[in-house]
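What follows is a set of structures for review.
In the two complexes below, chain A is the common chain; its partner is chain B in one and chain C in the other.
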Partner chain A sequence: MHIMEGFLPSPWWEIWFLVSLPFIIIGIYQLNRLVREKREALPLLAVAGAFIFVFSSLKLPSFNGSCSHPTGTGLGAILFGPCIAGVLGLIVLVFQAAFLAHGGITTLGANVFSMGIAGPAVAYLIYRVGTRVGAGTYAVVFVAATLADLATYVVTSIQLALAFPGTAGFVGAFSAFATVFAVTQIPLAIIEGAVIALVFKYIVQLKPEILTRLNLLSESAIRRLREAAV
Partner chain B sequence: MKYGMEMAVAILIVAFVGMFLAQDAAIQAAGEEAWEGADDAAADLIEASGYEPWIDPLWEPPSGEIESLLFALQAAIGAITIGYVFGYWQGGRKAT
Partner chain C sequence: MYETLDGYARTNRLGSISPGLKLFLGLASILLCTSSPGPIAPLLVAVSLSAAILILARIPPRVYACTLLIPVSFAMMSVIVILFITGGGPVLFEVPFLPLAITAGGANLAILLLARVFGGTCALLFVALTTPMTEVFALLKKIGVPTVLIDLAMLIYRFIFIFIAEADQIYRSQVMRLGYGRFIESVNSLGMLVGALFLRTIDRGEALVLAMDARCYSGTFSTPGYSRSVSPRSFIATLIYLGTVFAVSLKTGSLQFI
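Presenting the complex of A and B:
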């Protein structure tokens, strides 16, 4: 889950705002271009944002006796890249900070970076590299979305360990936070990856032309996927 | 297999539920409290070092019920959007 209000001391919350800002500015610029040039992709953008809404509202139990929620950012990252995913993540995080006291306004920069930018960047890179080397598309989507979710919580642990190294130092603090966050997240990340891979299959079945328009899959790759019918 | 992926996801979810039930039974048997949020656990970890949050949320849901309401609303907004778009695409394909 997100870093709560007031739980990042100065200068860390300011630093993470500054780190996130350029990605968000690029994301807004890319969104503007998308809206102008590829209007047919807008419903898909809505779906990507909606997935973050649904997934980040579901607090699920994990095997170590605590609850956490998946992020849902992997889909948006694969489809539109990490900067646009960052803007989508920002919308959800503002909603949760304002109405749910979940996350916070001062920690928004750090939370946008972990959930909106770092996790999605991992998903985006895995998808791009994975499809280029010819791995199965759905398997690549699964791995990308799973690791995006996990990476988000690894980054959250790094952010907290940097701010609170305590007496154990950065490494000790990191392993303590990672035990709380990242370990809890493993089963949730796997479920998230599987569901997003399934949704990707439905997009391939229903609206493959958008995927070619976004340069995600070639027409021949889509024809192969549709014929394979897994 | 035509619905291979659907089945794989269903099996994963069933395994996930089974894992939760088994773990919950073990925790109940040990008489411990569990299933709080990981963010609360992290906050406890930080507060144990003597740190106090320097600012409080502007507004907090006044009760667990109100919080559930808002989380459910968030999920509903997302779910109706996904359903609408996929339904729209499906309808468009049928029409042509």
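Presenting the complex of A and C:
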């Protein structure tokens, strides 16, 4: 859910820049530390960022024939944590604005907050809590990715409703935006969750050492998942 | 499609003009569009920068129209909501059997927003189609953006095109094997595509670590800086253009269509 260039009026786009800024600063700080400690981290993060861009420019199968793209940042957040996913989200959004004219420069702050910060934070929290409670891994990944997508769309609706409350007031405007977007976004979120869960399954079957190296799944958990698949 | 957009940035006729000036022109136009109180100034920006893109930079019109259409169609969805929830002024149209109405206030706001999106997108595309990313990176480095961020952005930029080609290949072979026939099949195929793509990207990343180590990577990339001086004539022309747009936006601020 990109907000287009020029859509947010003057006080609001500056406000969202200010809201996103601290997260990005923390992200850059973490990134600096990570790169200094592990030199191999930078290329891995770079391919992950490019992966997010390509993934989010793929067209998802949809029921109603609308143009629907995944946000893709949910996967990045599960893999690298929310703050670094925010920095990746920032770079990917700038490239999307420059190469595809999706989003824009003044609305970058608002888009970074909804897609690069709020969505990934939700995905990360659900994944961490879910795996600690001991729920099935694929189910947790599905729920995390789906809710991350929905969080992005709720935040976008809030941003638009704050900027354009109209005569209906904030609550009325929010429900109007949310209803219009829900038509495309709720099926989209469920499909993205399913696709990402399948991606996870594919990685577990073919190259599980990536997941253990990123500290996402213990070796025993992977053995259990692989045995269950056979 | 993606490759061509970036390709035009390298081969267009405005390539010899200082990237700093083009970036300044684009960003200033975007700011003028978003802060303009009336729809005339953004439309002026849209028309004049489109003319610059098509005539001065010689970008093929079909490519430009296709790229422009995507964001404007996205914006329509939100504009429709604003059309109905914003009140003020006489009622122009009522939806039968539903408590929905379009008023003059809502229509004016919708027109203003569409004009701003249109103008802003044209200004964005002006920068995107005339300034290669590598020159933007050099510029960002000069104004003090953290090096780690720029290095990461440069690497991502390089890999995006490789992975798009790879995803395209996988997609074609899946389509040839009837992987997108039914809905469930297409979800399954897309999962396989993205999974395979992810594994390949990680392999590429590991290969890149090796390649960079072999070339004595020390933590920063050193890139040759471009410096292209701003010609006074083009600088003055840019200032006159921006001043005109600003004056138009002040003059026509209270003008409303409906």
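Simple rule for what comes next: the second predicted complex is superposed on the first by the 192 of 230 C-alpha atoms of A that agree within 3 Å, B and C clash if a C-alpha of one lies under 4 Å from a C-alpha of the other, contacts with A are read in each partner's own complex, and residues count from 1 in each chain.
One rule holds in what follows: contacts are C-beta pairs under 8 Å (C-beta built on N, C-alpha and C of every residue); 3 or more make two chains touch, one makes a residue touch a chain.
Since this is a predicted model, take the numbers as computed values, not measurements.
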{"item": "Touching partner for A:Val171 - first (chain B), second (chain C), both, neither", "value": "neither"}
{"item": "Partner chain(s) touched by A:Leu31 [first = chain B, second = chain C, both, neither]", "value": "second"}
{"item": "Contacts of A:Pro187 with chain B and chain C, given as first, second, both or neither", "value": "first"}
{"item": "First (chain B), second (chain C), both or neither touched by A:Tyr138", "value": "first"}
{"item": "Which superposed partner A:Leu21 touches (first chain B, second chain C, both, neither)", "value": "neither"}
{"item": "Contacts of A:Thr106 with chain B and chain C, given as first, second, both or neither", "value": "both"}
{"item": "First, second, both or neither for A:Val129, with chain B first and chain C second", "value": "neither"}
{"item": "Partner chain(s) touched by A:Met4 [first = chain B, second = chain C, both, neither]", "value": "both"}
{"item": "First (chain B), second (chain C), both or neither touched by A:Ala98", "value": "both"}
{"item": "Chain B and chain C footprints on chain A, overlapping residues", "value": "2-7, 9-10, 43-44, 46-47, 49-51, 53-55, 57-58, 60-61, 63, 67, 92, 95, 97-102, 104-106, 160, 164, 166, 176-177, 180-181, 191, 194-195, 197-198, 201-202, 206-207"}
{"item": "Partner chain A, residues of chain B touching it in the complex", "value": "1-2, 4-6, 8-9, 12-13, 16, 19-20, 23-24, 27, 32, 34-39, 41-43, 45-46, 49, 51, 53-61, 67, 70-72, 74-75, 77-79, 81-82, 85-86, 88-90, 93"}
{"item": "Chain A contact footprint on chain C (complex, rising order)", "value": "2, 5-6, 27, 30-31, 33-35, 42, 67-68, 70-75, 77-78, 80-82, 84-88, 106, 109, 113, 116-121, 123-125, 127-128, 133, 146, 148-149, 151-153, 155-160, 162-164, 167, 180, 183, 186-188, 190-199, 201-202, 204-206, 208-209, 212, 217, 219"}
{"item": "Residue ranges of chain A touching chain C (in the complex, touch as defined)", "value": "2-10, 13, 28, 31-32, 35-36, 39-40, 42-51, 53-55, 57-58, 60-61, 63, 67, 75, 87-88, 91-92, 94-95, 97-102, 104-106, 160, 164, 166-168, 172-173, 176-177, 180-181, 191, 194-203, 206-207, 210"}
{"item": "Parts of chain A lying in touch with chain B, wherever the complex brings them together", "value": "1-7, 9-10, 43-44, 46-47, 49-63, 65-68, 92, 95-102, 104-106, 138, 160, 164, 166, 176-177, 180-181, 184-185, 187, 190-191, 194-195, 197-198, 201-202, 206-207, 229-230"}
